[in-house]
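Structures incoming, each one as structure tokens.
Two complexes follow with chain A in common, the first pairing it with chain B and the second with chain C.
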Partner chain A sequence: MKPGRAYLQKLGGPGLTLMALALLATFPLYASVYSMTLLTDILMFVVLALSWALFSAPTGYISLAPAAFFGVGIYTSAILGRQWPLLLTIALGGAISFCLALLVGALTLRLKGIYFAMFTFGLVELIKHFWLWFEIRFTGTRGRFVAVVDQQTIYFTMLASFVLLLLTTHLIRRSRWGLALRSIGECEEAAAHIGVNVNALKTITFAISAIFMGAAGAIIATRWTYVDPYIAFNPLYSFMAVLMALFGGMGHPYGPVLGAAIFAYLEEVLLTRFPYYYMLIFGVVLIITVLYLPEGLIGLMMRIRRRVVGGPDAPA
Partner chain B sequence: MAAGGWTRREFLRGMVVTGAGLALGACAPKATPKPAKDKIVVGMSRPLSGPLAVVGDSAFRPVYETFVKEVNDAGGIHVEEYGKKLPIELLVYDDKSDVGTMTRLTEKLILEDKVDFLWPACGTSFIFAQAPLANKYGYVLITAEGGATTIKDMLPSLPYVFVTLSFSDWYQLPVLAQLLSKKGAKTAYIAYIADLHGIEYSGVAGIEFPKVGIEIIGLKSIPPDMKDLSPIIREAKAANPDVFCCFAYPDQVMPATALSMELDFNPKAWVGGPCVNFGFYQTTFGPAAEGVIGFTSFNPKQSDAARALAEKLYTGKPKEIQDYWGHPLYWAGLEVWKQAIEKAGSLDQAKIRDIIATERFQTVLGETWFEGGLLSKDCHTGEIGQWIKGEYEVIGPEKWATAEMVYPKPPWPKG
Partner chain C sequence: MPLLEGKGVTRYFGGLAAVQHVDFYVDPGEIVGLIGPNGAGKTTLFNLISGALVPQSGTIRLKGENITGLKPHVICHKGIARTFQLVRVFPNMSVLENVLMGVLFGKPDGYDRKQARKDAEKWLDFVGLSAVKDWPARSLTLVNQKRLEVARALATGPELLLLDELMAGLNPTEVAQTMELVCRIREQGITIFMVEHVMKAIMGICDRIMVLHHGEKIAEGTPQEIANNRTVIEVYLGE
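For the complex of A and B:
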């Protein structure tokens, strides 16, 4: 590669990133209100999938807990949203999720493989039923109405949490911390032997990923207007996060972002244009992805890029 | 990919692609501009997939499909403003039984598709989430499946929302309590599902039953995911109540019925929640359904209009799909909607809202009107039903009864 071109690319990279973010930031100026609503939902799924991948992609621990932290955020908003300023509510939603994840992680991150997945799935159900019991027994409420916030504010707060998450992912991956996480994913015992404090590291990363899930829940609850424990702690949101990340590909942070964005948009198109065939078409797309795109969309894109651009590991 | 992960350049480039993709995705083609008015577009977000699909497909869907066909066969709804009849066109989206998706699709219908009218989503909590949206954008919303005491307190702040379905204290359980006490019932055992529905019904029964001298000798909640109800039925049997109430859904009421037969628990009155009122309850249990009590709102024998509606909805279809509780009320809601448009002579939501809120209409229920956003309880042509000789009769209130309440219920058939 010529030095000049390399220099241009070096300059162009951050420039283009800023442009993309500027595009997203100015989106409400030229797009319809509904496009903004849709993009908010897409960003919400992006946040869920990417924060899931923040912990699960490098370590290989399959967590089915996103719905639990998401739900905690939703309820924070439902309970405090009427009295507290929005940003404080969101921050608290993230903080409570963080504490919960810290506790749960410390207790259970010694479990491995399927046991951890099962436990985290159980966590969603546990919180749902505990909360249902608590609400009925002590507060006498059956569901709660959430303070409504205008679309633009919801959009920008969701965008902001996406940017923060992206930054966090980037910083962790490029630090010794990220390397240590990957070593846990490759061989946990070896990692422990070379001096990585595996349990502390896993727990803190798990908890950090939960912050963003809680924040996303606290933000989106303001658009749902009414929540009850079944709505807030819906295991569907755990599965969606995992599916989206797998669909996009876990080998790269943009995998989950791309996966969630395309997945959520595809779903919207199917639900509105082909409502009676939604499940059928969606199922076929998933099967094709699993069969032919084991590395997800990002894997496919990389293969195409290598074929076009060439490079050290281009296919012959 | 290389073992060391991605370089910053690759990372940033990916970010650009994603950002652009996100923005492009959301800018997808807008709906085409509206042609001159030649139809009334009605938008709905319905659970076509997911756990609520079975409810939506058997409750409101057969009603609105029959209604739209009938109206369109007659040329449509006459709207003065346009000087002609406009047929109804449905725009239905699938919310996959998810509240978040439902609220988004409702906004899409209103903001992007700019539908002329909004018809309701399915389920009580869905109505709770949809009602504030409809109200915010000034769309009349006449609800179908769902209703609860909680919504009564909200309705004053939601002038565009009208609730059709009857519920616990509107005015089912007061009527049930009266019927039972008149027959001399003294004790009741209540099993209820631990969700919004069960809590509300058990709570209202806890107020209404003691008022008429029926003592509640057992109160047990059923976790929604519990499949084996035998401990509860055994406990109820040991308590030996005059009345057994199972305030739950088909998933619990069906096995509770079967277990009561198996354990020979035969109280003088066996009351079941939303399940007993469906035709499939009788086709499943046959003679064992005799004497079982549930909720209702009409019977075809009550009037010519009622018979005509039953023929429209059920002729040539299996008995399973019959629902004498919900169907007539949803139908009446649609009739009110159509007549309000004709009276307004316009598709203006505010005008139509005022007419629905203040005027009276002729529907399958007879004279029909809304009181503070709720279909007046004086319009209900029945509250409590009972399976008698294979028919789901109205047994209360007395004014609308098509048969005398059977008390005590006959024993379960043997064998």
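For the complex of A and C:
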């Protein structure tokens, strides 16, 4: 590769990211309220998919727990949103999710493969039913109203948590921590034998990813105005996070971002334009992705780029 | 004081005694061989030493310190590294990254990144893989993957290296090269405990050999003594 191009690429990555972020930050100035709420939704899914990928992409542990941490955030907002300032509520939503993930991770990250996936799926159901029982038994309510916040504030807090998550992902990937997470995905036993404290590393990373899921829940709850355990702990959010990350591709941090953005937008368009066929079209897109794009959109883009500009791994 | 010492080390799998009341020691600077028929418990013994398995009874000491039942990463930090019978490199990482992992995590304290890279390259050079350092580990041949595992283990800075069937599956030229590599590792001041089936290799380079059969130690001595030991010959060849 020519040195000039390498330099441009080095500059191009962060440059493009900053430009996109600047565009997102000024978006409410010129966009309609509808597009702002749509973008908030998209950002929420981006945060879910990217935080899921933060732990699951390098380690290969498929977690179906995002909905649990997301729901914890939602209920933090529902219970404390009226008395506490918004930012504190969001931070607490993240903190409680972190603690829960730490506990769950310490107990279950010894489980491998499908067992871990099943447990995390069960966790969502467990918390949902426990919370339903608790609310009816002790507080005498089934659902709660959430303190409403204006759309612009919601948008900016969601954007801020996305930026923080992007930064966290980047820092972890670049450090020896990121290398160790990959080594766990590649061969956990060998990683342990060359000095990686695999259980501690898995648990803490799992918990950090949960912070952002909890924060996203705490933010979005303020727009939903009413929540009950079935809404808050909906396993669909777990599956969405996983599917979006797979759709986008996990070989690069922008994969889940891209996947979630396109997926969430597609959902909105299909739901409004083809309300009767939307699930069907959705399913077809998914099947095509899994069959023909095993490395997701980002994998496809990288392959095309290699073919166009060449490079060390260019196909002959 | 021996570098590594085991007393009455025992591990059952269900009702089967995989390793039973085995006493052993490895002195600093030695190359000790561990042999025995398939299923004798050699790899299990290695797993017990490296922390992959916990013994049900008995103690294992490193330089007098009890390390029985510690986690694998702690045992690695204390100075025991190992390779695996079936190679376990990180297939999608580059050869250099594989070794870098050993440098970065082999000792509990932090590491300067530039120095770490230099150290990793030094070990790659030591095992003769410098030319392929940017290749993904999965693209290496078996013998080179085994060398990579050795380099990764050495990068953790061990005092004792456990080699589990390093020569298995190699052709005669590769066996000779690998024997030479093992001797060079010893010259670095690293003690070696190795499981091996290739008799020529083990007889040629070991100072002392230990024989396991059905989980029990049946003989121990110099290669010459082992080669002439009646029990060992019966176990291997039948009566």
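We adopt the following convention: the second predicted complex is superposed on the first by the 300 of 316 C-alpha atoms of A that agree within 3 Å, B and C clash if a C-alpha of one lies under 4 Å from a C-alpha of the other, contacts with A are read in each partner's own complex, and residues count from 1 in each chain.
Please note the rule applied: contacts are C-beta pairs under 8 Å (C-beta built on N, C-alpha and C of every residue); 3 or more make two chains touch, one makes a residue touch a chain.
Keep in mind that what you see is a predicted model, and the values were worked out from it rather than measured.
Placing chain B and chain C on a common chain A by superposition gives a fit, with no clash between them. Of the two partner chains placed around the shared chain by superposition, neither chain B nor chain C is touched by A:Phe156. By the document's definition of touching, neither partner reaches A:Trp84: not chain B, not chain C.
Judged by the touch definition given at the top, the superposed model places A:Trp131 against neither chain B nor chain C. Contacts of A:Phe239 after superposition: neither chain B nor chain C is touched. Comparing chain B with chain C, the partner in contact with more residues of chain A is B.
Across the superposed structures, the minimum distance from chain B to chain C, using CA atoms, reads 5 Å. On the chain A side of its complex with chain B, the touching residues are 9-10, 13-14, 16-17, 19-21, 23-24, 27, 31-39, 41-43, 46, 129, 132-133, 136, 142-143, 145, 148, 166, 170, 173-174, 178, 220, 223-228, 230-231, 234, 236, 251-254, 257-258, 261-262, 265, 269, 271-272, 275-276, 278-279, 298, 302, 313. Those residues of chain B that touch chain A in the shared complex are 1-2, 5-6, 8-9, 11-23, 25-28, 30, 46, 48-49, 92-96, 98-101, 103-105, 107-108, 111-112, 125, 128-129, 132-133, 136, 148, 150, 154, 194-196, 199-200, 223. Residues of chain C that touch chain A in their complex: 50-52, 71-73, 76-77, 81-82, 84, 88-93, 97, 100-102, 104-108, 111, 152-153, 155-156. Considering their complex, residues 176, 179-180, 182-183, 186-187, 189-198 of chain A touch chain C.
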